[in-house]
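Can you keep this structure in mind? I'll have questions shortly.
The chains carry the letters A, B, C and D, assigned in the order they are written, with residues numbered from 1 in each.
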Amino acid sequence: MRLAELREQVLEANLELVRRGLVLYTFGNLSGIDRNRALVAIKPSGVPYEKLTAAHLVITDLEGTLVEGDLRPSSDLLTHLALYKQFPNIGGVAHTHSEFATAWAQAETPIPCFGTTHADYFHGPVPVTEQLTGAQIAGAYELETGKEICRRFAELDPDSVPAVLVAGHAPFCWGPTPASAAHNAAIVEYVAKMAHHTLSINAEARPLARELHEKHFFRKHGRSAYYGQVEKQ
Amino acid sequence: MRLAELREQVLEANLELVRRGLVLYTFGNLSGIDRNRALVAIKPSGVPYEKLTAAHLVITDLEGTLVEGDLRPSSDLLTHLALYKQFPNIGGVAHTHSEFATAWAQAETPIPCFGTTHADYFHGPVPVTEQLTGAQIAGAYELETGKEICRRFAELDPDSVPAVLVAGHAPFCWGPTPASAAHNAAIVEYVAKMAHHTLSINAEARPLARELHEKHFFRKHGRSAYYGQVEKQ
Amino acid sequence: MRLAELREQVLEANLELVRRGLVLYTFGNLSGIDRNRALVAIKPSGVPYEKLTAAHLVITDLEGTLVEGDLRPSSDLLTHLALYKQFPNIGGVAHTHSEFATAWAQAETPIPCFGTTHADYFHGPVPVTEQLTGAQIAGAYELETGKEICRRFAELDPDSVPAVLVAGHAPFCWGPTPASAAHNAAIVEYVAKMAHHTLSINAEARPLARELHEKHFFRKHGRSAYYGQVEKQ
Amino acid sequence: MRLAELREQVLEANLELVRRGLVLYTFGNLSGIDRNRALVAIKPSGVPYEKLTAAHLVITDLEGTLVEGDLRPSSDLLTHLALYKQFPNIGGVAHTHSEFATAWAQAETPIPCFGTTHADYFHGPVPVTEQLTGAQIAGAYELETGKEICRRFAELDPDSVPAVLVAGHAPFCWGPTPASAAHNAAIVEYVAKMAHHTLSINAEARPLARELHEKHFFRKHGRSAYYGQVEKQ
C-alpha cells in the first residue's frame, strides 16, 4: 500500500465520523496503519473536519516520530500507537466523544449486551477501563491511557470486542481497516443509545442469553458466518 | 402483478426505512409477496441501502428456494417466510433495529397503549415474544424466530396488531403491502419513543381506556372507518 | 380577507408543522377562520403534507357543513369548530402528535412552568383535560373533545394559555392567526421536551417563581411588552 | 477594528447558533464588543435569524445608549453589558435556550464535570445563579440578571469557566471573541446533554478526579497547552 492510499483511507474514515454525527467541531480523531512499513497516518490536532484533506494528515512511526507532515498530530497519538503495538490485527483506530458512548464512559459503566444488535458486533459487554491514577495522569498521560486500555484487554480478545470506554473520557474503537474503525465507532454509539433507552424502560433489563449472544456474533464473524455476501475470489 | 412490479414496491419500501431513519448501515430488511405466484422478493444480505436497486432483490419461493437473483437473501428470510405462511392477509414484512422499538424489545416489555396514536394503528399493546430456548437458537434460528412470533399471535389478530417485538432482538412489522409494512415500522418506532417519554414523565402512567382505544382503532379500520378519503371505485 | 388568502395562510401554517418536525406522515391538522364570514379552512383528512395544495383545503361553516372542496375535512374538524365558537379571539387551531407534548398528554400531566421559555408564551402550566367518559366517546367524539377542552378553560384565559393537552391524545394549540397556531405548536413541543429533561435531571424541580413567570409573560404580551420591534403604524 | 468588522463577526456568530441547533425561531442573542471604542454590537430583538444581516445589528455603548441602528436591541442587552463591564477579557456573549443546558438551568443544578469533554473547556462545574428576588425582578430585571451572574463569579474565574446557568432561565456563555462565545454555547449544550445521559445511566456517577480535570483543561489552555496547532507568528 502506498502512503497516498493510506492517507485517502484515513481521510475518508475521518469524514465518516462526521457523516454519522459522532463528532462536534474538532473532537475526535482517527488513524490507520501500514503494517508493512510500520507507519501510521493520523488526523492533525485541532483541525476542523470540513477543511481536512489527505495532505493534512500526519505520518509517524510507531514511536510517534514525525515522518511526514507540517502539522502536529492529534494529541491522542500515543494512545493510538499503544493499541497498534498491542493488538496485531488492527488496521485503524477511531476516537470520538459521541454522546451516548461518552455518557456510558462518564458513568463508568460497561455497556451490557441487551440485544442482538450489540451481539452482532461485540462478543461481550463493551468494557470500561480503570480510572487513571494521579501518577499516570501526571506522566505520559496519552501513553498511559493506551496502556490502561491494553491492561483492560489482558483477558479479552480485541478482535472480538473492538471498542473500549475510557473511564471519564470517551470510547476508542478499532478494526482491521480505518473504515471498520469508523464503522465500529458508529455502532458503539448506536448500541450505547439503545442500552440507555432499555434501562430507562426497564431498570431490571437482563443481558442477552449467552446462546443468543454467541449465535449472533458468529452469524457475522469467523468461519461459520453467513451474514452478507460471499466475497469474490 | 409482474415480478418487476413487486421488485419496485419492495425496493421503494426498503428505501422508506432509510428515509424515516429506521436503519443504520445495512441493518434491517423488508420483503413483499406475490400471493398468486407464492413468490417473495427480499433485500439481499449486507448490501448498503444507498447502492440497492430493484435488480439486487432476491426472489425465493415460500420454502426459501432461490428463484431469481445472484445475491444471498437477507439472513432473516426464514422469519419472513414463516409470517407469510401463517398470516394469510399480509403482503409485506419489515424488520428494523430502530432505536426505541428495539429498546422495548431489549427491555422485554410490551409497548402499552398510552395514547390515541398507538390506538390508531394497534388494537392492543405491541406484544413481545418469549425468549428463544437454547435448542431453538442452536437449530434453525431464523425459522424458530418466525415460529415464536406465530406462537405469540396464537390468540392475537395479526391484521389488527401489525407488529411484534422479538425479545432481545428488535421489531418485525407487516401490512397488506410492502409500503404498509414500512409505514408500520415507522409508526412502531414513533409509538415506542412516545411511550418511553411517557413513562419517563409519569412512571404510573395508565394505558388508554378501552373505549377510547376502540374508538380510535375503528375510526381508521374496518367498515365504520371515517378517517382519510373515500377510495374512488 | 378573501378565501384564497385564508387558504394560503392555512396551507403555509400546515407546512410549518412539517418544517418543525411536529408531524409524521398524515398526522396532525391545522385550520384557520375568517371571522367575518364565519368560514373555516382546514386540512383534508389523511392527505400527505408533501402533496397538499391550497386547493385541497376544505372550507366549512361553523357547524361543519361543507362550503367548498371535494375532499373530506380532517376527522378532528368538530374539535376545531368547538374552539372557534368558544374562544372569540383565536384565528387558527393546530393539532399535532408531536412527540414530547404527546408524551405529557399520555402521562396525563400538565406541563409545569419550569422556566422563562415557558413563561414567555403561557401564563400558567399547559393544562390537561379530563379523560372523556365512555358516553362521550361513543357519542359525537370529536365534538365532545372540543367541549372537554372548553370545560377545562372555564376558568382559564385561552389568549394567555394558547394550548391544551387532551388526556391520552395529544396537544391542541391556537393563536390569533393560523401562523401563530403553528408557532405555538412548535413552542409547546419545545417546552414539553425541556420540562421532560428538567424532571429527568431533578425529580424535585420546582416551578418558576410567580414573579418571574409574570415578568416574562408580560415582557412579551400586553401593553407593557417590550420584546421585539414596534410595529410600524 | 472597524465597526463593520465587528458587525460581520457578530452576525456570523449569531448564525453559528442556528447552524448548531441552539436556537428556535427568534430565541437567543449574541453580542460582541470593540474594547477600544467601548461599543457593543448585538442582535436586534425578535428578528428571525434567517433574515438577519449585519446592517440589522444594533450598536450601543456600555450604558446601553443607542449609537447606530434603527431597531431595538435584544431585550437582554443589559445582561450582556453587565458581563462586559465585569469580565475584562471577554469579547463576545452568547445567550441561548438550547434544550439540555436550559433543562439544567430549570433544574437549578450546576452541571457536574463528568468527563474530559467538560474538562477541556470548563475549569470546574458550570455554575447556576441564585434565583432572583421579587425586588430584582420588579426592578431593572435584565441588569439584575447580569449582576446576579457577576455575583456568582465573585470567586470564580470567568476566563476558565466561560458559561453560567441562570436559574429558571437558560445559559449565558462568553469568550474572547464573538465566535468563541458561540462555540462555548455549543459546547455547554453538548456537555449538558451528556451529563443528562450520564445521570440517567448511573444516578451515582461521580465527578471526574481533580487531576484528570486539571490535565485536560491545561492541555488546551494556558502556557503549557499542547492541543491544536501552534499559531504562526
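Quick note on the criterion: a residue touches a chain if its C-beta (ideal position, glycine included) is under 8 Å from a C-beta of that chain, and two chains touch if they have at least 3 such contacts.
Just so it is clear, the model here is predicted, and its values are computed rather than measured.
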item	value
Type of subunit A:subunit D copy interface by residue overlap (half), same or different	different
Chain whose mean Cα position lies farthest from subunit D	B
Distance from the mean Cα position of subunit C to that of subunit A, given in whole angstrom	46
Chain centre separation (subunit A, subunit B; CA means) in Å	33
Junction residues of subunit B - those touching two or more other chains	200
Pairs of chains, among all present, that meet the touch criterion	A-B, A-D, B-C, C-D
Sites on subunit A touched by subunit B in the complex	114-117, 183, 186-187, 190, 193-195, 197-198, 200-202, 205-206, 208-209, 211-212, 215, 219, 226-230
In the complex with subunit C, residue positions of subunit D that touch it	24-27, 44-47, 71-72, 75, 97, 99-100, 102-109, 131-132, 134, 137-138, 141, 168-170, 196, 199-200
